[in-house]
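All chains are identified by letter, namely A, B and C, in their written order; residue positions are counted from 1 within each chain.
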Amino acid sequence: MTSELNQQEAMELLRTMLLIRRFEEGLIQTQKSGISIGHFHVYIGQECTGAAAIALLEPQDKIATTHRNHGHLLARGADPRRLYAEILGKAAGYNKGKGGTLHATVAGLGFLSTSALVGGAVPLAVGAGFAAKQLGERCVSVGFFGDGVLEEGVFFESLNMASLWKLPVVFMCENNSAGALGQSAGEYPGSTIATKQLIDVVAPFGVPASAVDGGDPRAVRDVTQQALARARNGGGPTFIEARTVRWPGSRPLWPELSTGETDVAFAWEPDRIPMAHRDWFANDGLIRYVRQLFDAKLANTKEILALDATVRADLAKAMRFAIEAPYPDPASALDDVFA
Amino acid sequence: MAELTYIEAINSALREELARDRGVYVIGEDVALGGPFGATKGLAAEFGERRVVNTPISEGAIMGLATGAAAMGLRPVIEVMFVDFITLAMDQLVNHAAKLHYMSGGQLGIPLTVRVQQGAAGNGGAQHSQSLEAWFIHVPGLKVVMPSNPADAKGLLTAAIRDDSPVICIEHRALYWTRGEVPDGEHTIPIGRAALRRPGKDVTLVATSRMVEVALEVAGTLANEGIEVEVIDPRSLLPLDLDTITASLRKTGRLVIAHEAVEGAGFGAELLAQVQEAAFDYLDAPIARVGAPFAPVPASPVLEQAFVPGAERLAGAVRKVVLGA
Amino acid sequence: MLRLLRTMWTIRAFEEKVSELFGRREVHGLLHLSIGQEAVAAGACAALRTTDRVVSGHRPHGHAIAKGVDIASLFAELAGRETGCCRGKGGSMHLAAPTTGFVTATGIVGGNVALALGVAFACKEREKQEVAAVFFGDGAGQSGAFHESLNIAALWKLPLLFICENNGYAEFTPLSAHTPISQLARHAETYGIPSATVDGNDVLAVRTAISDAAARARAGGGPSFIECMTYRLRGHYEGDPAKYRELSELSDWKTKDPIRRFAATLVKKGTCTHEQMRAVEAEARASVEAAAQKASTGAWPSVDEVTTLVYAG
């Protein structure tokens, strides 16, 4: 990782990961304070995958994402103020309050759609790849989706067409059920699939596939780079499984800061990690990455803490902006039904 | 009588039917874990995971599985987590479950129950808040019920499970934690029988699902203005108890129809057509419909509130029908 | 052995007759004939018990006949008569005769696979050692329902035989234009489902493969996938000129006609004589003629039947 990224890039990646973590922690706290948000899904523990992969995309590339989209949008450069505003249902939101957390999307950043249907984003990503190929554009379409999607038929229909027509698509499967902490306690399900490992389902289609540690930016970066190069060179689609361990606070409907706020100092003072959550933080891509930067002397504790403080201050302002922003005119509910 | 929440009433119907009939199976995503709203809580522990079956996220295959098993004589009850996701299972529901009895010349029965919840509540946005009952009442072979309170939730679900045709039981998410008296023990409500919720002589207000609550509120308000509203809850949209509605119209001569689904091509349109065919002579005023505006469900709390038909709009429509413009 | 030959000849004669009657507008609808694929239906059903269940697709005549459905009731169904197995309400693509174990056919590509999942689930729950078999074409292999069903059948070890009749064409398009995969059995391997790819024009090979699979299912070993490589000698539907195929391809497959091949093998082995062979064909054709005749005198359903049997009970 550090051999490929210069210090500035390495710190920028950290900034993105922190931005996503703090954004969602802030959201959970805002909901706790009594502001209505509705049910939402968090990306905590998976930041590394989205941040590392999306950093490699070119401006013309397209992304389709899911109900767990905040991290992808922020990594692509979405303005946290407008994203918070969207989630809070405000007129200043990216979708004028009509999308909310489940459908937040930013077309200007290459987001086709955010589908809250399991599997819904996948054919859309393939469609974007089809369009790019037809139009002869040097554009890659990346579909982010969870491991549950491999249980939906539409995934196979989409994969088959992408492979058959060699479409420039990256299937980015974010498997956040790895090791499934909490699954045994019946808190949330893992994927229900008869294969030995998820990437087996792709094999018959002749699509190159690899499974990587989704909490290791170097690994994510390597496979994504290869996939993007293959797609741009006419080599067709690639399937990547990025494995992460689900964050214990990520309950199906109502996330809770059950681990407390992440303290970046966990990276260099592991004793500060609460006993109950040591396993999870030991796997946490963010804390691992901070430690790598620290060990490689790319950043000292002071710089990391300062960056974190800046991110938090910016997000606090963004949240204030969103809370104070006006709601849309109720009459606007009927706008935009047709193009 | 016990006071139960709507979701507890559903749970109790499932528990009793699982105990009563070995052929009953509860199948769906996360049902062995209790489901996201707790409808199937405790059932796996009581009846085992052989009869309370967790599935992959494969709505199409789940509907097909349940239909095939029903064709063999089992009585599967499947849970589709949100009505928005039933789109993924429409082939099996519409082309197979609804038609196999007919296409086989009556040889195959499909005693299938589909439990699904819908409604705009909690800012879920356009893919978690729709009301799609009108799709299903357009399909011959399906039965469609929409319980509006805990007692009906239990009674209609029990009847659905015992029915030999596929029945879609459409629950409303916002009603899940409302409480009400539920008869103890076995409780069934015949499918196709409406309920008179409040008698009145001036206008008939037919409301479905959560709109029944709103209709009763409106009836209370308008009583203070001297307008006596008769509130009818059809409970079952297909088959529809038109007789109860026309009998009421004979008395009131006026009809307002309220549902949460978008107005266009909705249940209201169908009821309006049936009423004008069957009871035109009873009508003293044009029929009014109150439903959601023709738009996807927006996420923002403010927009969602503007979208869902509320008491004020409904009261306005009733006044207009009774008092004229 | 002669029973297998008789079944195949009955299917062939039935469908040739259907084609003739269709030309005379005495049978109706969208008809998909399985001429050239008879060995799959005959071989597979010969390996099944009467109590085993079959679900078929839009090309179901052969499966229904092989499973023992009365051919007069099939003719009557295609002719829209009240005496049809579905009282004239089903038609060619929706044949059903559950008392014979032929649960139903369905016109939705891939839809039958998910339906069969439930039939297999019920077979397992009934604990009577029954198995379910589903026939589908290579076109279904690209449908989501197919993949969802493979996963669930494997997860739950359902007694389900996935019988893929790979005839090389999904409607008018060769399989190679639909998927990069030439043998769909490869998908079964993904889920750890035992699979076999056999010559679908070799009735004995089919029977052996299905027999093994059925035994495994009865013993609690779960699903199997049997891919039968075959070819339809007619168009996708009756009236399809099938101009998308090379004539040489067609004539090549005609030499592999499953019925003539099996008959020749039997004669060569000395199992029976030419005369006996011809007698089997003649008997099959005669029974088909008689059944068609019987069906043609069946009553039309009353028009009131349009709205009956919409609901059970």
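Throughout what follows, a residue touches a chain if its C-beta (ideal position, glycine included) is under 8 Å from a C-beta of that chain, and two chains touch if they have at least 3 such contacts.
The shown structure was predicted, so the numbers you read here are calculated from the model rather than taken from an experiment.
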Treating touching as the only link between chains, describe the layout with one word: line, ring, star, complete or other.
complete
By C-alpha centres, the chain nearest the middle of everything shown is B
Chain A and chain C have mean C-alpha positions lying a whole-number Å distance apart equal to 47
For the pair chain A and chain B, the C-alpha centroid-to-centroid distance in angstrom is 37
Averaging only over C-alpha atoms, locate the centres of chain B and chain C and give their separation in whole Å.
40
Numbers and ranges of chain C residues touching at least 2 other chains
144-145, 148, 151, 155
Please list all residues of chain A that touch 2 or more other chains.
151-154, 192-193
Among all residues of chain B, which ones touch two or more of the remaining chains?
55-56, 58, 60-61
The answer for chain C against chain B in the complex is residues 53, 55, 84-91, 94, 96-99, 103-104, 106-108, 111, 113-123, 125-126, 144-145, 148-149, 151-152, 155, 308-313
So in the complex, which bits of chain C are touching chain A?
142-148, 150-151, 154-155, 177-181, 186-187, 189-192
Which part of chain B faces chain C closely enough to touch in the complex?
25, 50, 55-56, 58, 60-61, 63-74, 76, 91-92, 95-96, 99-111, 140-141, 143, 163-165
Going by the contact rule set out above, which residues of chain B touch chain A in the complex?
29-30, 33-34, 36, 54-61, 84-85, 87-88, 122-128, 293-296, 298-307
Please output the residues of chain A touching chain C within their complex, sorted ascending.
151-157, 160, 163-164, 192-196, 200-201, 203-206
